[in-house]
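The structures considered in this document are given below.
Presented sequentially are two complexes of chain A, the first with chain B as partner and the second with chain C.
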Partner chain A sequence: MSEALMSDDHPRAGAAAPRRANRARRFLRNPQAVISALVLVLIGGAVLLAPLLSTGDPDAAELSKAFAAAEPGHPLGFDSAGRDVWSRLLHGGRNTLGGALIALAVALSIGVPGGLVAGYYGKWFDALANWVGNFVMALPAMVVLLASRAILGPTMWVLMVVLGVLVAPSFFRLVRGIVANVRGELYVDAARVSGLRDRRIIARHVLVVVRAPIIIQTALVAGIAISLQAGLEFLGIGSGDLPTWGAMLNEAFQNVQRSPMFMAWPGLALGITSAALVLLASALRDVLEDGDAKPPKLRAARRARVVTPATPDDDRPRASLLSVRDLAVSYGAGASAVDVVHGVDLDVAEGEVVGLVGQSGSGKSQTAFSVLGILPEGGRVSRGSILLAGTEVVGLSEKGYRALRGDVVAYVPQEPMTNLDPAFTIGSQLVEPMRLRLRLSRKAAAERALELLRQVEIVDPRRVFHAYPHQISGGMAQRVLIAGAMSCDPRLLIADEPTTALDVTVQAEVLELLRRLQAERGLGVLLVTHNLGVVADLCDRVAVMNAGRIVETGSTEQVLAHPGHPYTRTLIDAVLDDAPARPAWVAPRTDDGTEVPA
Partner chain B sequence: MSSVSPEPPTTSVTPPGPRVLDVRDLQVSFPGKGWRTPRVEVLHGVSLDIRPGETVGLVGESGSGKTTIGRAVLGLAPVHDGTVEFLGERIEHVTNRRRRRLSRDLQVIFQDPFASLNPSIPVGDTLAEPLHAQGIPGQEARRRVLELLDRVALPADAAQRLPREFSGGQRQRIAIARALAIGPKLIVCDEPVSALDLTTQRTVLDLLLEIQEQTGVAYLFISHDLSVVRYMSHRVNVIHRGHIVESGDAGQVTTAPRHPYTQRLLLSAPVADPAVQRTRRAALDQRRAEENA
Partner chain C sequence: MSRFAARRLAAGIFLLFVVSFVSFVLLSIPTLDVARQLLGQSASQEAVDAKNAELGLDQPVLARYARWLGDALTGDLGTSWFTSEDVLTAIGHRLPVTLSLMLGVTLVTALLALLLGVWAGVRRGAVDRLVQVLGVVGYALPGFLVTLVIVLVFAVQLRWFPAIGYIPLTTSVPGWLSTVTLPILSLSVAAVAGVSQQVRGSVIDVLRQDYVRTLRARGLPPRRVLFRHVLRNASAPALTVLGMQFVGLLGGAVLVEQIFGLPGIGSMTVTYTTRGDTPIIMGLVMTTVVCVVVINLVVDLLVGWLNPKARAA
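On to the complex of A and B.
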């Protein structure tokens, strides 16, 4: 295999930074994550060290000091029973947070393994576990907790175990959903074929994927568990004797007229803890889940289509329908801008079919998108001139573009299915643009849509008109999109790999259709494709693109039969049409072990 | 079209001799969607066989069941009826333990090089997986991984990198290296080049041919592209709607097909020569006219 060919293997750009270190760094750079984590660590630390930090027994009551103000050693004063508020707050935190931890531990130990097994193996366990999970989720938590207290006794810890069972389905469903998706990944199939045990596949391939969502969910559920626990205690449905934040709130509430400040301390503790958990969860989501997110989108770059079209300095005649001169397309802005198209010249005359061929990453689609004014976020025309039926479209406003799309230029995309909205019928998707562009009545537009469907050789136009996209095949969907492109009688059709997603027999039919429409309507067509067979079938002229440049242009016959540029030759040589069939199989070597069929 | 299924397949009888893989009357069906819906049968009794060191092509369009055959052989799709014999052993219903041991001799290269490698695991670890599964110790496994990378013309430092740093063609080389790790007797190649660019496709195919010449591995080569199948295969099976409609030597099936469906498949594929393509198109038009008449 030649080096020249290897080098056409475009590696995806990407720094080789180790992933884990990257995450830690992203965590530290996220102020929300750092601050909320710090707050939680402080609270957790204070609560753990309660015996050291507090001055007295939280339950030691000195009635003479009821409602007494702060004094040295008792920074928050005394409550209605003369107990030190500061030590009650710290010790109460132990119970509140400890209870939430128990609930979490129970929920995790039921939900995560259950979700793993149900998602990975499916079958009866999945059905059963789903049913149980749905059942538990449907139970009203408060009622169940009240009932459990009546049956199991007024122990906060037992109630927290019950709460853990009640929130377990949220972990179960999360894990099961993700695992069921991963289960369908080819790399899991590949691992199975490699002979890995299920245990090892789950540990290596599956747990990695669910780890981040579980961490995030844990932070959220912890917040919920804390508030539910406090709510129970506030209502007096915990263990009455333990100091907890909820119980403190309850006592303070009873004396709210006399000393409203008592509400503040447990309230603040609860509020700050819950808020920190929620904020941490959302920060973790940013840090863990958007790991492969692209750099911030350059909205400004897209808006700023400030480029003034260059007047080409040569005197070559420009085609009347589409004429591109010295087109450059860049992504990014300033010093980090990357050019993906470097100075492309391209002409399409009225009624002419021009093929634009090249490999993925050659810039052929970017060129087509530039003409249509639909470059993806961050991309912009940085130089050059595009004349579309005599109108300069470089630097044209969105409104100006809208006037051209439809009746001057129309577009047929590669993936027919993703370009139809699954929520609307085919008919309504054809009718709406025509009502808007051609100002037709609903009835006239519907008639025209049916006529168009007939023209693209759909056998039962009326059925397709009323069908939803998922009810038709890929080939049919592409016909519908072609019908849509034809609806406003364009003069130029830009088709981006229009048959790549289709089966070969369907491709032949769609090519036939395009040829007929082109001939009947005298359409100019810019056909973007990587398939030289499609070019040979349909195109009058062809432009070969490589690495953002057009390396060769000419009539299809001439370019395909006598390529002038080495790159074109490489492309044509890679076509297997003329490659000889493999010779018949010969029984494999017996002695020297070297030769099998040549 | 509907006349296709009942016709007996135009089959050339394969000469006797040892087989790596022998599939007889394979039926695969999946449970229907919803409660008490009938099972959907996607393969209606498919037979094919592969000899040692041979490439047998399987060509068909989407939904024809070609991928399902490969998955059934690999134990990834449930076999409803029929037999799959691999190296003389019936494997259509084997235990997980036996299936894991089979992985020594039976491997796969999937179509999508982006989905078949775990994005969060370095390439070297992915390649070491099958080695570890066969109980090869760490040091030895590391050495073998470097050999494998060299074998598929990737640099040694690829082992530490993540899949996303590689192009489609390079990833497919990694997938080939993984399949080769234990020296299998048969590799199921499921559309291994259909996601690749033309020139990359050619180099990957040549790599597969070269490996076959050196190791004598057999391929079940699944593709929708007749020209790719012709280039790779000694014998070709054409599958249409769960039936094999034609099978025979690659040269005959892909240049002078006998079955109407294969003929249509061949005529539908455009060739990169305008003059030839014009005659091909005319022939296809004529066929269509005849079919409609």
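On to the complex of A and C.
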């Protein structure tokens, strides 16, 4: 979790310097970022140079020229009071953007230090500041601004300070969240242990991490500040006579029946500025937050899915329950496609337990998912054939597949806790598939679910039936998942590292349970695992997988005792080196007399 | 569940007290000489002092707050300084207008955002990009600018709806509809933009969850997995965002009511704050905060109902 957070969400602190140049290049290569930044620079420049770019005084009114059309020196014509629209637009921008800048500065200077301190030191300040932040966020900004105006009088600049306070929590929350996360990281602990002072740690490790999110948030909050500022002015409760875009819109709106065009100029200025800010923010997110990993092209992958299975031309007999031939799995499509499984052959006969062994990343889970037809998005079977109880499932429709899931093939996942829907009770999750697949009544399904819970040796089935997933332990959850897999009487069970996430004592119990159910029901089992002890304990045959290929298959005894492939030997040596192998297979299975150390 | 609700309710009431105290103290800073405004510039100092005594302004702030609070707890929010209207009655007349607006916006937003968000999250591809662009645009444009454009197009140019005015629901249902359609549309743009992005994000998140894969492996039809399991898990965060949007909508209502000439509490806020009518302002602030507290409570309860784990928190 923390590892994922570091690499995905926040740029790593140590690599900051060489990345800066890289980021500048990425920024320049992102058209959305460049264009929106350019628009903002243009608007900002025009507004700053207002006295140079416009001839007239924005407040000079010539009543005779009211609603007059454009003339030289006055490119946008005159408003209802005969004032130069172009000049008012530029000077109005000064006030509008200036007001928003004040609000932004106030928000940054309260929110960022507050968030740093609250996130880094925590304790009472964190609790208090967090409460205040939530409090301020619960107040509608517009209503508070109006009430403040009643207290502070109609000065726009003061109201902008209030607005800054009102939007400060958005910075505070952002910074606090990130800093609290970073604080728990090992490199910050290491810095503290090595005697760095807090101030240096914050400057060196913490600020680097919050910098990018703050820049992005600044663009977003600027948009909000501009829109609220213009809204206040539009209501005519800012500083009355000052030209601003909001006030211009208000005036134009009063005369909308006579000449709606006058709303266009301030409206466009406001709309373009806000849109450019939000677009810049979203582009910056891509640029600053390592967003260059493009999502897989799902549509292309879907289109590229194979429809016809390739029939392999060898005459090896195929097992009746599960027979995989020349299976290849790839992710992505076209030139960027990556193969993760290259031509796997695998057989499971009725009642047979086959272990699929390999290190993580060897493609064993991908093989299992292919058999079930539940590859993650972007993945697909790109070649080969899978016979499931005599039915070819490569290229099978979702509907055809559904007829096999549950009562022909069932699945026991690795992580028990994440594989139960947290929003439903255990009971309803067990009952639902049985009612659909076996067409049982609600009552019959509930009875069967209780019976299944009893069979997987859950002591108090009734309590577990009514419990939610977060109320039971991991070992209990794995038993529930096994009960779920058994619920429609499958012939083949695919168990993907069924004990890896469990405590050692619970592991043994769950393995025992699987062994018992397999024997009682004559199940065929494909057991995906990296644990050779589990293989030795349960499996009749074993297939060793490495880098997407099966490197060795054979009876468990033969493969473990006389590994033919160097990779298998490495795996076995690894078990002997550190982790204690399960004692069950030590003495009885060595037939050459040499004692295999536990 | 009931303990969870009671805790949230207590937090809301505490918030109300804090807001009332802070607002009252701030509003008592005498920047506008109310008595003189009421009596006119020519009034004698004695008359001004007498008026101040009548309004209770000669007493210390804490004593005044204590009296206000005592009255408020018995359901009396005082009378307006300027119009001598009873505050509660004045707000009571105008609140239904704003609430009917909010209800309409909430319904439209919930429906449209769910539709767009699920569609984008499930289909991905071009549909997804379109919904995302709409979301950015809807979020980026200032709300009142969107409102002005809507008025220009639908009321001034096309003349489909009146640009201004309000017909109460009790007078005529079609009339009411014709006067609230454009305001509701205006307020919904930003809300739909924000909530649909959240729905899209959580649908994509939930679709990647292990339990969705496991449910599919049990033989459940994808449609059932989507509508029963994915939607339920995705709607809790979406509801939270909808609740947060509501706070912004109360602010947006101020502008929208002003533009469409609707007699709700939003336009009332504009009118009375410019005069410094403390009893009315206090009443309006309290009303707004009560709305926020109630909405947050409803959202918390719904989230708790959708997500059993949140109940324990």
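Of note:
In this text, the second predicted complex is superposed on the first by the 470 of 598 C-alpha atoms of A that agree within 3 Å, B and C clash if a C-alpha of one lies under 4 Å from a C-alpha of the other, contacts with A are read in each partner's own complex, and residues count from 1 in each chain.
As a working rule, a contact is a pair of C-beta atoms (placed from the backbone, for glycine too) under 8 Å apart; a residue touches a chain by one contact, two chains touch by 3 or more.
These numbers were taken from a predicted model, which means no experiment stands behind them.
In the superposed pair of complexes, A:A190 makes contact with chain B only, with no contact to chain C. Once chain A of one complex is fitted onto chain A of the other, the partner contacts of A:V208 are limited to chain B, with no touch recorded for chain C. Look at A:L571: by the touch rule set out above, it reaches chain B but stays clear of chain C. Of the two partner chains, chain C is the only one that A:V278 touches; chain B does not reach it. Once the two complexes are laid over each other on the shared chain, residue contacts for A:D326 go to neither chain B nor chain C. When the shared chain is aligned, chain B comes close enough to touch A:L560, but chain C does not. Within the superposed three-chain model, A:E392 lies out of touch with both chain B and chain C [touch as defined at top].
Shared-chain residue A:I374: touches chain C; no touch with chain B. Applying the stated contact rule after C-alpha superposition, one finds that A:E457 touches neither chain B nor chain C. Chain A uses no single residue to touch chain B in one structure and chain C in the other. For chain C in complex with chain A, the touching residues are 15, 18-19, 23, 26-27, 29, 31-32, 124-125, 136-137, 139-145, 148-149, 151-152, 156, 207-211, 213-222, 224, 228-229, 232-233, 244, 247-248, 250-252, 254-255, 258-259, 269-270, 273-278, 281, 284-285, 288-289, 292-293, 296, 306-309, 312. Those residues of chain A that touch chain B in the complex are listed here as 1, 5-6, 8-12, 14, 16, 19, 185-187, 189-198, 200, 204-205, 208-209, 292, 359-360, 503-505, 507-508, 511-512, 530-537, 556-557, 560-561, 570-577, 579, 581-585, 587-589, 593, 595-598. Considering their complex, residues 135, 137-143, 146-154, 223, 226-227, 230-231, 234-235, 237, 249, 253, 256-257, 260, 263, 267, 270-271, 274-275, 277-279, 282, 298-299, 372, 374, 376-377, 398, 402-407, 410-411, 413, 415, 418-424, 429, 432-433, 436-437, 468, 470, 481, 484-485, 487-488 of chain A touch chain C. Considering their complex, residues 17, 51-55, 61-62, 74-76, 96, 100-104, 106-108, 110, 112, 115-118, 120-121, 126, 129-130, 133-134, 153, 160-162, 164-170, 175, 178, 181, 197-203, 205-207, 212-213, 216, 224-228, 230-235, 249-251, 254-255, 264-265, 267-277, 281, 284-285 of chain B touch chain A.
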